[in-house]
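Structures given as structure tokens follow.
Look at the two complexes coming up: subunit A is in both, with subunit B in one and subunit C in the other.
Showing the complex of A and B:
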């Protein structure tokens, strides 16, 4: 019996969102096929890889990552260095120091860090908060002011704070907005609708519909992204046609498989290898489900994923 | 012991005493004052609000009373304990009282008549197995010394030709007195077997009326020395026809509505409504079940469990719940209805009850815990041969208590009769029947098939879980309009009084209007500001419906309320969707949508569609039926044929447990957005929004 391949061609396509300015600007989305199905449709932009740094600088990083930032202390130092790593499309500055249960750093102090990082690199920038909807809303609005003109990505607006975060996309700041929801296609769609109704342009929204480390409730993440992509392409649901970003770094490096040192778990072998494996496996899976960008921590993971996406998209830039 | 004096706007002042350690709520209840507290006095629901005018109290916590209100003396009665004599003001909205209840579907004479005419239209005519009789028994004398029982049976057999006659013990007990009191002239009711060969005596009473009329003839008979014996024709020779009466009830989790009817003519003699006295044990069926099982569990814990007996356990939870329903709710209603109709309660010869599965269990005092535990198995669907005496219902002890059969753990007899009344079971076209009460139940089908399910909408439609929510009673706002420019509301209030709260239909209107005027976004959060919109200390927005300048607690609708309401109405819509999908049907395939329930004076269908509660189909397909539960109980009361039909409906119905459907949760999340996450399901809503 001859094999007849079924066409997965779609009349719809994912919106293109451009982050950053000038030569270094990167665009995500734009595809009209399921991920890496280059035989079904065009993938004009390969999925993007970002590297995460935090406001605390090198001291925040696991030991196995610190060695790649030799000579760096501050976040700005790291940003400068990371710009030269292979495969890095953008830099994500995570303002985790704002956590009131952690370092509780004041916003003004953090904005100095944002400014220093922005000055240190011309790569596109993303800024994320400390996972506290109220504090993040304030931080992102201040960061939008600091990063005026950089066309950065604000991570993220949630249902609780979108009214405030949406203002970062206003013409006076012109930033892009991540729309974060928790592993549910309907919640993701509802937030997109709220943002669109608040007159955030569709090419300024990137969805962040949930994240987890491989094996830690990961099937919810995968099926959510998968279904969002199917709805966007096959049901032409305009409210789900935004590109998807998945921050992987913090999740992957916080689970035992990556966090346990070799002294604690000698039988598991090298911590660095384990960490990279966790990060790469998680990222590869979300990309295969439909993610258009991932944020990673380890330079080796970034290099690996960037090479993988380049190989799989071929024709893509 | 302190004295609490209560003032309330529309009532005379009254007072009650408190005992040490009693909360104000407990003390009031002990004194028979029905304060509303669906959360059982745990300080959660905020319905037992009172204003402390003078006196010292000890208090646990502020509860959910806003700062300004607290400063004005407003407290939750369940949270305070008097430490001195007190004076309080109780607003009308805090009372659970029967005068306040609205009786949807049987409110006035026109609607009373509609029960009868609808029944006739549906081909239901008064016809039961009950037979009233009047009989002049031969008096005993030296040549006829038959015992009373034999005398009665002999004469009844002679008069009606029965082969067998059963006389229950309670009749035997009173027989000697009844016969002599009426000078051997008796009236009563027989319950006959279908083939008319046997019968049971349900009740007897001395028939003085008959005796007075017939006295002369009888004296003549005696004088003639003939054997005293009435011929058959004389059996009904009384001039005043004795009424053959029955009572029908719709027992809701929140409200109980009843009617007294003449079983021979179908005429409705009286009607009454009351709050279900079980309300003090919790607003929803789950807390009632837990309450009904409470003491038994404690006993097991104490190690006294071995001799524990569910059926005879004294003072156990199920008995308390049963008493609350029968002694405190049904019996007082029967008493009131009988005095209105000028009838002795023991003349009630048949009782029909339409209630949800839990209420049926609690009514019968049956252990109900398995209903709330996986795999949700009730003790019975159809209970046969229950007599009023078994349940201590005020009526003839032999009166048969007919329960409309349940369909599933969460779809009860009220839905069976509702489906029966809606006519869905007998029509070729696809129909949807929705009953909105505490929770919602849905039936989809036609004469070929029927599916039913319960959606856990919660008590929001009847005012629960909503800060200013109330039942559709006096003072409830039942319709609302808002001016899109000024955001000022115009509304109607049941009883034309000052607004005391919002009932279900008012909530539908208010949500739809807030949304139409873009005052709230699609999640139900306030996005405009103005005189009517305020935010509390925590940033929670609320809309003030009553005059913001009027002192006292305002009628408000907060973001938390809107959220609860959006979920409640989402539960209804997602249940409809899930059910349609299981049958691979779409909303357009439904040719008729019947809505029942007493959530107000009827709901604004257009608004209900605009907020995504009901499917967006042609409005002419919607029909508001009112209280189908009571109407169905009424039909079962007057007609045995209706009883058989209802049983048939229950047997043909398939019950779907939504929680077992993996896609239900997803439908629900998609529904929790105005009007829905998938706008294509509500094309008219999109059009309307664009138009304004």
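Showing the complex of A and C:
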């Protein structure tokens, strides 16, 4: 019996979601094959690389990142500087200062920061909260108002707050929405269904199905993304044909391998190298599983991952 | 394995209102039934215009255009004993959402419907009957081989031949049903696609019982590997069963709202 090779070609494709406006707008998704299988189908857009800044400005960053923001103080200063770093497709402003157990900064004050960052850069913007579903819903709705016309990405709607966050995609704001779940593929699908049923257009939804640093429950992250992509392409599941984004920065820089300084762990060597390694390895792995965008912290990580994805997608824009 | 393919059966000349709509080329009843079936989850519609001996080609062209124009080029299964009408339908068929389906060839007098499908790059339903209904699985699988070889000789892909074991009327033929289910398993073992007119199973039973019987039959047939069926998608119990079986078999991914999709 002759060997018949099975084609990996798919009749389905991932939706394209565009974030930002004008010349700097970036589009994620659009592929009709498994990640980087450019021989099986089209990959019209290379995976996107975002850089994360926080409302607290340079002081929030690890010392090994701070040096790249020489002369900067505020988040807006950082946004301006980061816009010129190689490989940065978009900027993600994390409003971590809203955390009631942390700085507990009021929403109005944070919105000043959002406005200042938006004025400082014409790159596409993403905004994330402080990992408190209720507070984040309020922040994202206010940010959607401030960023009206910027076609930004709101990170994210969760099971607990999607009813509120979905309004940021309404025509009056026109923002894109991240749909966040934590390594639960059934919930990931359910959230998409709920958003679609609420008439959020499919090309305004980006899935955020879970994140972790390499070695920290990471296999769940990979298998979740992997199964989402297989269902989207091989089972033509329309409710899962949205691009996937993975915020890597906060997870990668919070584990000991990246967070421990060289003074604390002299035998581990340079903290900067460890942090970049952690971030690059985590990002490369989620991209190989099917993620269409990653958010990173260190400029060198961004440069490395952007170069890798450009080389692997050969001609993807 | 992909999601189970639901082919809607309700555009059939056996229903008098539909028969009249075909004959008079009255779009309203056709569009109404098509819309109801698609809303309920049909992905393809069977168009049975009956023998249509006089103006079959004209009717088929009209209905293919009518349905595809109104429902985003919905895939159609063209079902008539008038071969010229099937060819006429294919001549105006838009393939953007899938090939047309020729319904149907058998291993005897209608073997040449396979030729028609091959010549027009269509999918062909291959009913595993000869001059009469197959007596047992030896005979059924013999017809299956005849049909498969014929299609392959004509250059068709295996994927474009969907084998129909013929869903027997359960009432009166209870002793034959289990064997028919085993036949679906044999198709599945050979990697073949399968389909059939499921509603025939409950033919002659009281109206209230038919959805129960059809749902049980589809669940058992899907377990054997059935990949498609021509059914009434407006039978809620049946559609819920198909969607649930797709979840159990891993053909679709579970989400709490799966019945609403």
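Everything that follows uses one rule, which is that the second predicted complex is superposed on the first by the 311 of 317 C-alpha atoms of A that agree within 3 Å, B and C clash if a C-alpha of one lies under 4 Å from a C-alpha of the other, contacts with A are read in each partner's own complex, and residues count from 1 in each chain.
Assume a contact is a pair of C-beta atoms (placed from the backbone, for glycine too) under 8 Å apart; a residue touches a chain by one contact, two chains touch by 3 or more.
This structure is a prediction, so every number in the text was calculated from the model and none was measured.
K.L.:
Does the subunit A-based superposition show subunit B and subunit C clashing or fitting?
P.N.:
Clash.
K.L.:
Quick check for you: in the superposed arrangement, does A:5 touch first (subunit B), second (subunit C), both or neither?
P.N.:
neither
K.L.:
A:101 in the overlay: touching subunit B, subunit C, both, or neither? Say first, second, both or neither.
P.N.:
neither
K.L.:
For A:194, using the defined touch cut-off, is the partner it touches subunit B, subunit C, both, or neither? Pick first, second, both or neither.
P.N.:
In the superposed model, A:194 contacts both subunit B and subunit C.
K.L.:
What is the contact status of A:184 with respect to subunit B (first) and subunit C (second): first, second, both, or neither?
P.N.:
After superposition on chain A, A:184 lies in contact with subunit B alone.
K.L.:
Go through the superposed model and pick first if A:159 touches only subunit B, second if only subunit C, both, or neither.
P.N.:
The answer is first: A:159 touches subunit B but not subunit C.
K.L.:
If you stack the two complexes on chain A, which partner ends up touching A:236: first (subunit B), second (subunit C), both, or neither?
P.N.:
second
K.L.:
Can you tell me whether subunit B or subunit C touches more residues on subunit A?
P.N.:
In the superposed model, C touches more residues of subunit A.
K.L.:
Going by the clash criterion at the top, which of the stretches 110-118, 290-298, 614-622 or 632-640 from subunit B hits subunit C after superposition?
P.N.:
614-622
K.L.:
Following superposition on chain A, which residues of subunit A contact subunit B and also contact subunit C?
P.N.:
185-187, 189-190, 193-194, 197
K.L.:
How about subunit A: which of its residues touch subunit C in the complex?
P.N.:
185-187, 189-190, 193-194, 197, 227, 231, 234-237, 239-240
K.L.:
Any idea which subunit A residues touch subunit B in the complex?
P.N.:
The contact residues of subunit A facing subunit B are 159, 163, 184-187, 189-190, 193-194, 197.
K.L.:
What does subunit B use to touch subunit A in their complex?
P.N.:
521-523, 525, 527, 666, 669-670, 673, 677
K.L.:
Can you list the residues on subunit C that touch subunit A in the complex?
P.N.:
Within the complex, subunit C touches subunit A at residues 2-3, 251-257, 260-261.
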